[in-house]
Amino acid sequence: MDFVDKGNRTTLIISRVVSYIFLIFVTILSLFSFYLLIINATRSNAQLQAGFTLLPREHFLDNLVTAWNDTSIFFLPQGMLNSFIVAACTCILTSYFSAMTAYGICVYDFKGRNVAHKFIILIMMIPTQVSALGFVQLVNSLGLTNTYWPLIIPTIAAPATYFYMKQYIDSTLPLEIVEAARVDGSNEFRTYNFICLPILKPALAVQMIFAFVASWNNFFTPALILDKKELYTLPIMLSIVRSRINSQAGDMGEVYMIILLAIVPVVVVYLFLSKFIIGGVTLGSVKG
Amino acid sequence: MSSTTSTAPAKHKSISYAKWGYLFIAPFFIIYITCSLIPLLSTFYNSLFENYMDGLKQIGPNFVGLDNFVKLFTPRSDGRLEILNYTINTMVMWIMGAVPQVVFALLLAVIFTSERLKIKGQTFFKTVIYMPNLIMASAFAMLFFQIFSSVGPINQIITASGGDVFMFFDKEWSTRSIIAFINFLMWFGNTTILLMAGIMGIDQSLFEAASIDGATSTQVFFKITIPLLMPIIIYVVITALIGGLQMFDVPQIITAGSGRPNNTTKTLVMALNSYIGTSKNYGMAGAVSFVLFVITGILSFIVFRSTEPKKEGKKK
Amino acid sequence: MKKRIMAVLLAAASVVAVAGCSNSGSGSSNSTTTTAATAAADNGGAAAADTTAGGGDAAPAAAGSDEGNVFNIYAWNEEFKGFFEKYMPGYDAGAATLNGVPVKWTINPSDDGVYQDKLDAALQAQASASADDKVDMFLAEADYILKYTDSDYTMDISQIGLSQVDTEYTYTVQAASDSNGKIKGVSFQCCPSALIYRRSIAKEVIGSDDPADVQAALDSWDKYDAVAAKAKDLGYYMHASFAETYRVFSNNATSAWVTNGELTIPDVVDKWTEQAKSYYDKGYILDTLPGVWDDGKTAQMFADGKSMCFFGPAWYFNFCMGNAQDPDKGCYGDWAICEGPQAHFWGGTWILAATGTDNPSLVADVMRAFTENEEVCENLVKNEGQFSNNKTVNAKFANDPDFGNAFLGNQNDTAVFSEMTDNIVWANATIYDQLCNEKYQEFIKDYINGTVDKNTALANFYGYINEKYPAVVTP
């Protein structure tokens, strides 16, 4: 018995050491790109062309001023605001309505419920690019080019988010709560908004982060819909500045600065929402 | 586990709340039909027409039946069928990135959720591993293009240690590996978060019971964790697959849209983009979209088929 | 320090500009559109009354009378914008207005055809666009200018009161003409492209760095090959990029890329391919095969570069040789130019008037300023290192013994370029040239470095052209 315990302890120590080594490796893997981006944002175009270094240089402010004043992309802070408006609306709408759809299908028994579920599963894998052509024509015919509506409204129907919410509701939401609320005379809509949504917080937070990041970094759809400078989102601005590089007229320092500035807000949003995820994970285990 | 909770409540429902069900799912379907389904069908409809710009001259739209598809499936003079080539490229680069992505995510999820290991600083590690996902794909592609360029740091190290400059982007395997690596790096944190949430949802008493019965941790992992994680794993695989089929930014930027070397990194969406840009070739782009749609259909069928039976087995 | 102050001033200026934009945008956008629309209608009416044959609403109006409220210019980079803001007479930098009309630049990158896509969309929407959104003037490059001149989207310059002036170089006029010979625009630069060499390397390889001696040693491709072998023996590269000489061959084409809708590789391009392949195999050029714009090639223009020759026109110094131009980088002044094995041009920017412009007189003013106004042209040569499109001005500098470019060891580059202009040929342009030229270099690289055989590389190129240009039939 003693021997076995000892053996277990050694294997435990070994697996702990291995785990920490693996975690440190993964951490380095995750952070080195950030490190390089930050270092590169402190270097001038000439320094960047001369090769990589691991130490920061003195051009951080120069790059910031260049990026801030670059009129060919209109105005960088405006782009950050634009991106934020679109991403914030998207992440709220997509998580709220996906949860609502999943809730509708999990909680209510109605004719066609299974068909509806199967249908969403069926369409889940269709890449956005497949319908992009038709979508652009639709947007043109509705006169909605150069508005944010075509970027925001379609995210209400997000099959993959629905799928995740459905899985989560199935395993975490006790339907007794809904029943109890009904007994208390709560309206169905109220029950969803004020009783069930709070329980779904962790899942909502996960999907909100995913949606925010996806929208923030999306180049494909905005590039098809927007061609007014004042409306550009950050990825479009980045592509414009970046494309100057190929013709040698660009400033790599500026490019890295824009990338860095584009990352900051999304990191803040992530750190804010990640609290809910980690809290949510514990909540899941309590329920188990 | 999902099957038990979802079948149980059906018995409780005596008052009809059906209309609420319709009401709750209505926004999704209304928006889906207007913003996705109609555009999807019109895209397919486009594929039956010759419709493009020649310089500033509009050609068509002229109805041409299935001509665009015939063109797409005609091998070139040297016998290569490019649409098949693009499909293979997409799948190969996806698998090269997705396999390590899921393996890493599973390992991390197990490490984080293990009661025995009691890892310290979990919050830090969990927060950090998702962060690469916050960087734009195009920024990643740019950074890696520079890192591996002929004058980049990797080649500086190679030449400093006496080697010859290695042209990473002139070789098929290295270009593909770099593209796959970027995709892996961007997405493994995302997958880990999803799996972690899933593992934490598993009833802890199952693990305790298993360890009392003398199960090894490997046995626990394959006999308990994996089967119970199946719904989340399916979700992960499907979302990864969607991402894989849409692969565009990274190879587009790394190869400047050329799919070099020898068209081995050109993906389906890059081809789609190639048709839409410059000539607004809606006919051919529609045909490529349809092919992409069919491939998606086949793959989702395979994914669901290969995961369904296991689910049923669990029920018993 | 000076730079810092400039930046702060610019920052302040841009904040003001933004504030201005947002005011006019949100405050009274509706009312401005309506007034502009009525103005356009009036304009159209006036033109119709004039009934100048085929003139549309572009009848030359007395300056300022019925002209639009915004002067819209489309461009793909800031080069011309910089010249315009510095030298255009009547331009008020503080208010960003030309003769009182606000100037609005729309700059989109040329990569992936983004510039042309957005410009085309704007031109096609020209008729329905409100007066303030109409494109008035846009820029085009040699590789695709024909697409615009050969369409109804550009105006004959005679319609806005301009005519050909003989101080312009002939090929720049030919390039701006449609297939019927109607002149649709002007260029503000002339782009004879020279052989740019490193003096110190030439001294070692050829035995002299004097432009006359170097030219004598390199005035044919056979001689060029011989010197390349010698350079290799001495540990140098003849030129850096495998595509360095591409334009020397391709811009002397005897046949077009596309004739009657069919694509054929021009003989000269095939000849270039042979040269690139043999130079690669023999080790005359970098074995990493960087493209003309790649970092690997740019690095060869540093002090420790091992490449002797580069090819480029006057814009190349500022645009591509940034590092070599830095006096601290160690090879400033170690450069010189000569005509090289074959006269050719490379690039160039043309100014075109968009049909439907509501500011025709402003467009005419700009065109005149950058071709006929000697003061503007002199500034371009003197301050910007350009080779202007004005023979009189160029001759003045070419004959000035005191005029020299310090970067080229005080060689008078204007004199060299002036001599080359007579041998430039503009011929065989098609609307498909841009992608054909760019992508051929890219796809043939797989053949040059031995990844695939030539037929496969060509098939990849044809496949790409098929995707991009459905109207073109490939072999």
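To keep things simple, chains are lettered A, B and C as they appear, and every chain counts its residues starting from 1.
The rule is simple: a residue touches a chain if its C-beta (ideal position, glycine included) is under 8 Å from a C-beta of that chain, and two chains touch if they have at least 3 such contacts.
Not measured: the values here are computed from a predicted model.
Between A-B and B-C, more contacting C-beta pairs join the chains of A-B. The greatest centre-to-centre gap from chain B, using C-alpha centroids, is found for C. Chain B and chain C have Cα centroids lying 41 Å from one another. The distance from the centre of chain A to the centre of chain B, each centre being the mean of the chain's C-alpha atoms, comes to 15 Å. Of all residues in chain C, those touching 2 or more other chains are 112, 295, 299, listed in ascending order. The multi-chain contact residues of chain A, meaning those touching 2 or more other chains, are 239, 246. Counting partner chains per residue, chain B shows two or more touched chains at residues 146, 151, 256. Listing the residues of chain A that touch chain C in their complex gives 45-46, 49-50, 62, 65-66, 68-69, 71-72, 75, 78, 227, 229-230, 239-240, 243-244, 246-249.
For chain B in complex with chain A, the touching residues are 1-2, 5-6, 8-10, 12-13, 15, 17-25, 27-29, 31-32, 34-43, 46, 104, 107-108, 111, 116-117, 119, 123, 125-140, 142-143, 146-147, 151-153, 156, 185, 189-190, 193-194, 196-197, 200-204, 231-232, 235, 238-239, 241-242, 245-246, 248-249, 256, 269, 272, 276, 282, 285-286, 289, 292-293, 296-297, 299-300, 304. On the side of chain C, the complex with chain A involves touching residues 3-4, 7-8, 10-11, 14, 17-18, 21, 25, 77-79, 105-112, 114, 118, 121, 293, 295, 298-299, 302, 319-320, 322-323, 326. For chain B in complex with chain C, the residues that touch the partner chain are 52-57, 59, 76-78, 80, 82, 146, 149-151, 165, 167, 170-172, 256-258, 260-263, 271, 274-275, 277-279, 281, 284.
By the touch criterion given at the top, residues 12, 15-16, 19-20, 22-23, 26-27, 29-31, 33-34, 36-37, 40, 51-52, 97-98, 100-101, 103-111, 113, 116, 120-135, 137-138, 150, 153-154, 156-157, 159-160, 162-164, 167-168, 170-172, 175, 179, 182, 188-189, 192, 202-203, 206, 209-210, 213, 217, 219-220, 235, 238-239, 242, 246, 255, 259, 262-263, 266-267, 270-271, 274, 277-278, 280-282, 284-285, 287-288 of chain A touch chain B in their complex.
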